[in-house]
Each structure stands twice: as structure tokens, then as C-alpha cells.
Amino acid sequence: MIQAMRETARPARAEAMVPAAYTVVDHRRETHDTVTLTLLPGRGTALPRFRPGQFTMLSAEGIGEIPVSISGDPDDQHDGRLVQTIREVGAVSAALCRSEAGSEIGVRGPYGHGWRLASALDGDLLVVAGGIGLAPLRPLIRSALGRREHFGDVTLLAGARSYADLLYPLQLDAWARRRDTAVTVTLDRPDPGWTGRVGLITGPLAETAIVPERTTAYLCGPEIMIKVCADALAARGVPPERIQVSLERNMKCGVGWCGHCQLGPHLLCRSGPVCRWDAVADLLDIEEL
Amino acid sequence: MLFDHPLPEVIDRAGLDQLVKLLQADGYTVVGPTERDGALVLDELAGGADLPDGIGVETGAGHYRLRERADGAVFNHSAGPQSWKQFVHPPRQRVDAPEPVRRLAFIGVRPCDLAALAILDGVLGAAPYPDDRYLARRDQIFVVAVNCVEPGNTCFCASTGTGPAAEWGYDLVLTEQEGEGGHRFLLGTGSVAGEEILDRLTHRTATGGEIREARRAVDDAAGSMGRSMPETDLRGLLNRARGSEHWEQVANRCLACANCTMVCPTCFCTTVEDATDLEGDNAERWQRWDSCFDPDFSYIHGGAVRKSVGSRYRQWMSHKLSTWHDQFGTSGCVGCGRCIAWCPAGIDITAEAAALAEKERTR
Amino acid sequence: MTHKGASDRLVAVDELARVEGEGALRLRVVDGEVAEAELNIYEPPRYFEAFLVGRKYTEPPDITARICGICPVAYQMSSCQAIEDACGVQVPETIWALRRLLYCGEWIESHALHIYLLHAPDFLGLPDAIELAKTNRELVETGLALKKVGNDIMEILGGRAIHPVNVRLGGFYRLPTPEELEHLKSMLRPALDQALKTVEWTSTLDFPDYDCGHELLAMSHPDTYPIERGHLITASREEFPASAWNDFIESVQVPHSTALQAFLRGRRYLSGPLARYSLNYANLSPLARQAARAAGLGERCVNPFQSIIVRAIEVVYAIDEAMRILEEYEPPRRPAVDVPPRAGEGHGVTEAPRGILYHRYKLDENGLIQQAQIVSPTAQNQPAIEADLKTLAADWLDLEDGELTAEAERAIRNYDPCISCSAHFLTVERG
Amino acid sequence: MGKPTLAVWKFTSCDGCQLTLLDCEDELLAIADAVQIKHFPEATRKDLPGPFDVSLVEGSISTPAEAERIKRIREETGTLVAIGACATSGGIQALRNFADLDEFQRIIYPHPEFLHSLEQVAPIAAHVDVDYELRGCPIDKRQLLGLLSALLKGRRPDLPKGAVCNECKQRGVNCLLVEGKEPCLGPITQAGCGAICPSYNRGCYGCFGPSDSAQPEALIPVLSRLGLADPDIVRMLRTYNAAAPKLAAAGDRLEGAHDDA
């Protein structure tokens, strides 16, 4: 290998890989393992505006960088704020969850294809969220409710393991109190005193009345949940191109250079994470793709 | 565009040394094939004398040997263990600190490898998120290509449409000739920078005979490739083969050692790791080559997506020949044959493609 | 509970610190006399000699290196020599030079480790070198820098410092490049100064007056200080070649040890720095001799406490010698000569940093090992260590248990015992 | 908050892996600054009681007393790291798992009754849970430092699971197998050493043990083509990590194939 560093022309940058410094201005514990951070950019480092369903790469310095969806309100991006909800599953997510107000973290993005809402105009929206999957769906719901008059029925089904694991319970309550929105929450393991639904999300989904030709569905959660629900909806006649799912694969760069997030023809950081069901249904059927 | 050039010029073996010197004088670090530990590797050349005169190679599946040539040819060898990728997309790089860029001159880039550079340009250099580091390095490279007149046993660029003639993407292009008239190189230019260098080289104009001979040699090369990809729609074939039981069969032979991805001139995958010193200050972020054969490559919380070796081989081959089209608009394979030669188990991508095609035909 | 001055007491240290491997120490005092002094070697046996049987003759250099992470080169050199001897192969001088250079690396590393990290704290009443660094960081840094130079030699010549990979029968897998050798030279030059300073510093320590009365056994070579080659000599002027080892040395198993103890025609004996120095003073380099004189040492030194000075002198020698080898280096024509197998028996003996290491192999005509015998330095020194303990302890009976054990541990550390390698060797069965 | 505490333990081994810590000459004092060393007999007489944030455990379990001791250490340890081939697969002494222990003892010792050995030499993970493993005979210094700095920082240590071949290619070392020069276990051996042996023109002898995806069965024909006889291949698989299940199984099958023939 060549060692000598002879001629030095202009130094190379890797702009796309260098995170912008953001400050944590709010640290809110959602559940025992999940935290929502509100981030503000440092001077002159604000990133472009995000769209619902997009994600950023968040860095904990010296620990690592991971993809995290944006869970804030797309209509409230003043000062360049970002709101992100992180579940602690490993070293980097744990370090981010520990980031108290005032600390700094690195942010790149926003990246990826988000939820398509324009194509659902005048139709019904069906949102199905499992666990942490509610986080990337929240900006979508907020966006839709902010333009409520453009849509027909808006239905949200959210599943969680237990009440303690349920994300944004107050927010869900507030949505549920709206007359123009139907919200159903189901728990795998009900707590004593829980009067709501119990069991997998497929139960309420089957019972939800839909007009397939008017419905656009938005799904996010564990891959197996996505598959079962999307298949059920397709079987009930919702056109696969109107079922949108947000998928997860390992991501190291978020910008299409690292090759990790492939799902067959897709680089999920670019053509995803939100994909149309017709583009991925067959792929998810294949084991270990 | 050797043959379209109004009149190709000719330099002799000494002219090649002179070319190396001129490039060095212009501040380039000249990199080219040279012998080390029983293979032709790509390394910095002190001068033209480091080029492998008279050394040929004998390749096969999982097989590579140097051999002495009867002639003094410098560039008639193929499928070394390295590719130019290592210079434009190095095995390890820090991504959170600027890095000085060297001016490199590549000598002896074969057409398949020119195509590979073009593919990397499309992967790493393309909008909306170009890799500035890659582009900065790429920007500083002077390319001396060679037309291929002697394909090896593992070569199949004719069937991937990426050789044996260098079409574009070079500053200078050489065609090596031996025999009557001595050892010489026809020289064409592909850029202003190339023309400037040519002006300073001792050269003469090529004769009609020499040009005709060069054209014939390259044409012959197209017909004498050691291997070929089956003539079928590979993109569709691999698409349809996702569920094939063939992957299991390959898995019995595959070592999952990642050699194919490391030697491939277009495989670009990387991973990123943070590092700190013991005090915990001074964080650094490093990118290094990764491989779809690595167990952690597809890791997401809860476990890897591709656990079996078969699924990893399927990922690799499908990406090269099929899904690369979906992602980057071209095939990811340029027919250089490195993955065949440098697979310790001798697994051959052309043979596996043929086997898949055959299975589909007989089903 | 036992008390100082009690006429019957038992003092034990279950896990000796700052020695390589696992050992314990037991002193039993009966009627105001030291009745027993034992160095218990309880390191679990690893049965090397047994599983070497049936392996190929090319394997012992790598396999036996795993007996000891502290002196792998010693194992590689003794085993190469023994097997080359069995196969009747002579290795050219150019390769011997490289082997000696590699071995110098191990001496420098191992001695620097012992002087600074294991032994020095004893003289200063500290638990370890880390405490020492708190008051004298520069000193510890000097020690670490010296140690590193030893490791550099092993890394460059051997591929890595512990269990080097580059050694093979007949020579090496690959020769060092000129750049690598240049790099070594540049590392060694400043190290020589550090080594001389080390001798000076060790000579200022306080040493109890104590001459051990052991027989001495060391290697000897007509032209050089013994490292990787030579025959055996004793203080009582016996001389014998490696091939006569088993005629002179006998190994005995004792219940308190997984190591077999070695005796020279029934006598306990000492091997290692003191023996080497006292029997080979004349063959030290002028610089090393000068350093010895400046440190106030005579041509003979048999005070085990002063072994720290002798080690420092040997570090000077090893650096000096490494520089000489590098100056005179001529690359061998090939990295290794062929060593075709044949039926036979061979012996190899070299001077590991802490003493003599003997290997013997019996091969069949296909080169499969039929029998292996290894005698490690600490197995040889164990009887001498126990004898020292017994003698010295008589003077310590007034001490508290804690102080007494500290003194006893110190007496053991004088020998830089390597318990990892001492456990479990020695073939007793013949044929 | 006090400094994180570190303990280094030895079981049946050669001391080489813990020596690797002392071989970090440039970093040793920084380590001593960053952590409190509570137990490390090779380096200090100090011996402080647990709990220990991190325990580095060298060596395999080969006696009943060791089997007891490792349980106590596990109870007192936060992050337990097994270091080296002995601790991660049993090491070279596990060769006795393939032989008759009684006979082994008789070959070496006149009085085998003084000895206490377990029937099988086992890695640490066979007796207690292990959080991380550093492979190698011995471990690699950079990996050790990387692990320590990662644990101090709360980062997942970067311990690649792929084969040594990755490192050959990234360093620009030519392939010995493909060039027909030397048998090499690199394709089935876990990366981490930096491809030391191939860079010295020597085939990897597998001291880092089988890689996560190792397929010894796929390598056997490659080695045969280089002219190795089956017993040679069995010996190659069975040396420093003989008891690693994948290697042991492949060796057994190859040997079995012979017994049948």
C-alpha cells in the first residue's frame, strides 16, 4: 500500500457524513425504555425541513450513529427544531436516551422517502402503529389532522405490549376525544383496570369498517405486524399501491453509500423507509432477503 | 477512443519510463501493476522499471500463478488481487476529519476497470448525496488505460459489454504491441491533460499497419475471453431466482470469507465505527470496507436478517447482476473475473449464472 | 492465628502476586525452626508432552510456545534446535543470527518486565509499579520504553510479541525487510542509554547480604554469552552437551507441585541470570562488563536479591548484541532451509530469560512425534527457591505474618519464576 | 462516582493474554489512571474485594476448583470478558478432550493421583455467561485496547465477526491459498489479528478460532487440493481452538470418514 502523502491538493470533505451539532432542549421520558428528545440546531447548522416519515442519523459522540425517525410536528419546525423518539435497545440508543437537556448530539438528515399524503386527498386514512412504530406515524397524523377537511374518515389503530409500553398516551387520548378521528388502542398484556381492547392489532383491524377504494393505509411497527396487516388490507381490497409501510434495515450512512439497507432492489434509505406495498410485498415473503 | 483519434502515436518501452517520469515531475504519485509476493499488485512505482515486464499470469477458479512470458509484455495480465478501488475508496478512512488528497496517476487501467471506476462514480459520486471525499480523490486522478489484447482465463468483459476496448474515461490509452518493429505502445489521448503529456513524450506517428494490427488484436481479444456470462436477461433471471434451491447448493461450497466482495472493483459497501482513547475524549469516526458476507452486515435489533450463507451469496450475486440496475442504472459486474480467481473455493459467478439459467430452462 | 515469634506457626500465601502463573507459598515453623518451606505450584496441568505425541515434527515450535506467554521464543528456539538435531539439519549462521536477534528481543522484554513491573516494587515496599509511577513516573516510563523495544524486535521479526508466528523449523517464514531492520536500529540506539541507566538505578537499591550456596548450571559458548546455543557447564566444572541432559539431570514429582523438580546428579542447582553471569562473565560485551563494574559487581554474583542488577546488565548486553547483529546482518539466501523428517532423537537447549530450557523429541520416519520431553527453568530452580526460603526464613521469625510473607514472596520473586511454564513437564517414562 | 474497577483473572493458560495488557507499554499508565485495578496478581500484590465492573478472564476451566471459582467471579462482575483461545474455546490444552486423560497423566507424571483434572477442558462460557469474547492465542493488543476504551465509554466494542481474509484484502496481502503457496485457515478463522500470518507468508493456523459463519467443510476440499492428507487437515483444525464445536465436528467427521475406509 502506498504510504507517502506527497502532493496535497484540496482536502477531501465528506460533507454528507459530518453531523450538525444540535442541542437537546427537552428530554421527556415516554416509557421505561423510550425517550423523546427535542433538538435545536446550533448557530448556522440547521438542516433542511423534514417531511413526515423521514429519518435522521443521530450521533452520540464516541459511541456511534443510528437512524431514528422524526416524531415531531411537521407544521411546527420553528427554529429548526427536531423531535425524535428513541427506544433504548443497545449502546447508541441508550446513550441518546441518556442525553439530558443541554447536551449536544450530532444530526444528519433528514433522509429518505416519507409518507405520501397528497395521493390520499379526499379519501379515508387508516393508520396502523405497533409499538415504537407510532413515532414515525405521529408527524403524519398531525399533518393530516392539521388539514382535516381534506380527508374523509381518519382511523388510528395503535398496539402496545402493555399500558406502560404505550407511546404518547395523552396524545392518543386527545386524538380519541376528537369527534372526527377514531382511535383504538390494543394491548398484548392488559394491566388491571384496562377497559380497552386486548390482543394483537389484527383484531381491531379486522373489525374496522373500511371502504377499500377510498382508503389509504399507513403502517409501521414490527415487520411481522406490517406483513400481516398489509396482507389483510390487500385481501380486503385496498389497492397495494395505497398501502404504505415504513421498513427497517441496518443503516450505517443513510445516504446510499454503505449498502447495508438493501431489500432486493431497494436501498431503503433512499427508496424507503416508506415504501408502497406493491413494491415490497413479494420481497418480504422471501426469507432472509 | 484510440481508433477514432486522428493518428495514434507510438512510444517504445523507454517511452513508458519517460511517461512515468513526466507524471512524477507533474506531481503525480504513479501507481501501477508491480510484482509482490507472487502476484501483480497495484502499488506506487518508483519508476517505469517497477512495471512487470515479461510477467504474465495464469488464472482459473480459485487459482492464480505468475508465469514468465516469452515476450517482454508489460500489461498482458489480468485479475490481480487488487483493484483501483483501493485508491479512490480506501479500505479505511476517517470520516470526521479532513484528509489530504494526493494526485495519483493510474497506469495500466484495463477497460473492465475503467468501467468499474465509472460505476463507482455513479454509486458514490452521484447526487443528491455525493461522497465529497471520493470526488476529491477522483478529481485528482490521471488515467492511463490499456486496451486489452490478451484476456485471461477468468475474463468475461466481452459478455458484460465493458471491454476489451477502452471507450472513454481515460486521459491516455495504450495498446501494447510486440514483434516486428519492436516492443511498442500505440498511444491515444482522451483529454486535454492527456494531450499535454503526449506533447512532451518522445513519440512518432503510428503506421497504418500498426493501427490495423491493434484493431485486430482487440477484436480478437473479444473472441478469446476465458469465460462468458450466459446470454440471457441476467437481471430478470436473478430476480426470478430468489426462491431457488440453488443458493443452498452454493452455500455448501461457499466459505463466506468475503474475498469476492473485497477484490471486486465495484463492491462499495462500508461500515462505520466510532473510536475513543482511554480517557474517552478524542472521538474518531472511521469507515471501513464491509461485506454482505459479514454476519453483522444485515444486523438489526434482534438479529441478522441474512443468517444463512446461502442468503448472503444470493444477496451478493443478485446485487451484482440484477438489483444494481434498479439502484444505479447499470450492472454491478464488469467482467474482470477477480471474484472467480480470488475465491479460495473457486466459485465462479459465470458458472453460477449459467446454472441458474439452466435450471430455469429445464423447469 | 499465628503470631510473630511463636514457636509453631504456619504462614501461607495462596496466590503469589507479580509472578507468571499460579503458585502459593507455605512456611511451617515448628519449635522455632523453619521445618518446611514450599513453593506450591498448583497451576493446573496442561499435558503438553502427552498431546505432542502423534503430532507432526513441524508443530512443536508453535505448540510449545503456548506453554508460556512470557518466554515463547525460548520454547520456539529450543524446540527448533531439538528437531533440527533429530533430523540432522544444520542451519546456516545467517539464520542463527536472526534467531539470536529475536531471542534478544525476548530477553529485553522479559527482563524489563521483571525488573520494573515485578521486582522493583519489592525494594521500595510498594504493591506494584503503578504505585511506583505515582512517585516516579519517569522511572516506570523508562522501564516500559525498554520493554517496548524488546517487543518491537519480536513484532518485527516474529510478527507479534507473544507467540510469534514467523519462526519455523530451518529458519523463518519471511525475512525482515531492510526498512524494518532500519527501524529496529533506530529504536535500539536510545534504548541502550535507558538500559545503562537501569543498571545504575538497580545498583542503588538495598540488598540483604546473602550468598546462596547452590550449584550453578548455565550454558556456555566459546565465542559469545550464551543465549540460543552452547553446551552446559556447572560451577564445579562439569561440562556436558544437551544430548547428555538425562544423564545429568533427573526430574522428581513432589506432592505439592504440578511441576516436576529437577536435580543435577542429586544436587539442587540454580540456573538463570546469576548462573549465566557468574559462569560467562568474560563473554559479556565490553559495555556490559563496564556497566557491571560500575554497578559494583564482581565477575561472580550469587546473591539472588542482586539478580535485578544482573538482569539489567543482561539487558544492556542484549541491546548491545542486537545492535551488533543488525550491523553485521547479511540476509540469509533463503528464509529457511529444508528440514526433511527422519527417524531419530534430538536435543535442544537454550537460555530462556529465567534459565535453561531443555527439549527432547523422538520422531518416527514420517516425522510424527513419538516422545517429547521438556524441562522448564522454574522446574529446575524450584528446589533452590525452596532452599533459599528455608534459610532466609530463619532470620524472619520475629516478623509479623504480613511482613514475613512479604519477605518470603520477595525471595521467590528474586528468581522471576515462571509458573505457567513450570507446571507439568518432564517425561519420566522411557521408551 | 469512582473510577470503574477492573479485575484480571487467570485460569488454565499460559499467561500470554494477560501479558498483552502489560504489553500495552504506551497505554498502561493511562489505563491505570482510567480504572481502578482491584485484582491482577501478575502485576500487583494489591487484592481488593469485589464487585468488579469489568473482569478479564484468561484461561480455560480444567479443574473442579476452577469451575467453582469462575462462578464466584461471575457473581461479582458486571461485564465479564473472556480473553484468548483458552477462555473462548478451551485452548490448546483442550486437545486432551480428544484423548484419554488417564493415559495422559501417566505419560507425564509418576504419581497421577496427586493431580485433580476435570474430564473435559472447557471455555468460560460453558460454565458462566460471558458478555464479550476476545479471540486469539494470544489476544490482539489493539482489540484489547479497543474493548477497554469502548467499555469505558459505553460503546459496543468493535469486534468484527468475519474471516481473516477481510484483513488480508484490506491490508493488500496476497492470498496464499489461491497462489497455491500454503494451506491457510483464514477463510474460516475470525478476523481480529490483522492477518499477521499471511503477511509473513504463512498460512493462518487459526489461533482466533472459527469465525461466526465458518464453514470448515467447504475448506477441506480446498486444503486437499493443496496436497494435504486428511490427518494433516484434522491436525490443522485441531490445534489452538480444537474444542470449538465447528472445528471439532469437522475434524471428527474427517477422522470418522477414515476409520470407515
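A few notes on this one:
Letters are used for the chains, namely A, B, C and D, taken in the order the chains are written, and counting of residues starts over at 1 for each.
Methods note: contacts are C-beta pairs under 8 Å (C-beta built on N, C-alpha and C of every residue); 3 or more make two chains touch, one makes a residue touch a chain.
Everything numeric here is computed off the predicted structure, so don't read it as measured data.
Located most centrally within the structure is D, per distance between chain CA means and the overall CA mean. Centroid distances from chain B, each centroid being the mean of CA atoms, peak for C. Centre-to-centre, using mean CA coordinates, chain A is 39 Å away from chain B.
Centre-to-centre separation of chain A and chain C, using mean CA positions: 64 Å. Here the spacing of chain B and chain D, counted between their Cα centres, is 37 Å.
Averaged C-alpha coordinates give centres for chain C and chain D that are 25 Å from one another.
Counting partner chains per residue, chain A has residues 1, 62-64, 90 touching two or more of them. Residues of chain B in contact with at least two other chains: 43, 86, 273-276, 280. In chain D, 153, 155, 171-172, 201 are the positions where the chain touches two or more neighbouring chains simultaneously. Under the contact rule stated at the top, the pairs of chains that touch are A-B, A-D, B-D, C-D. Interface residues of chain C facing chain D in the complex, by the touch rule stated above, are 15-22, 43-51, 53, 55-56, 59, 62-63, 66-70, 72, 113, 117-118, 121, 127-130, 133, 137, 140-141, 144-145, 147-148, 151, 159-163, 165-166, 168, 173-174, 253, 255, 258, 260, 335, 406, 409, 420-421, 424-429. Against chain A, the residues of chain D that register as touching in their complex are 153-156, 171-172.
Interface residues of chain A, counted against chain B in their complex, comprise 1-2, 4-18, 61-65, 89-90, 248-250, 252-253, 255-260, 262, 264-267, 286-289. Residues 27, 30-31, 33-34, 145-146, 148-150, 152-153, 155, 158, 160-163, 165-166, 169-175, 177-181, 184, 186-188, 201, 211-215, 217-219, 221-222 of chain D are the ones that touch chain B when the two sit in their complex.
The touching residues of chain B, counted against chain D in their complex, run 36-39, 41, 43, 62-65, 81-82, 86, 91-92, 251-259, 262-263, 273-280, 288-289, 291, 293-296, 309, 312, 341-346.
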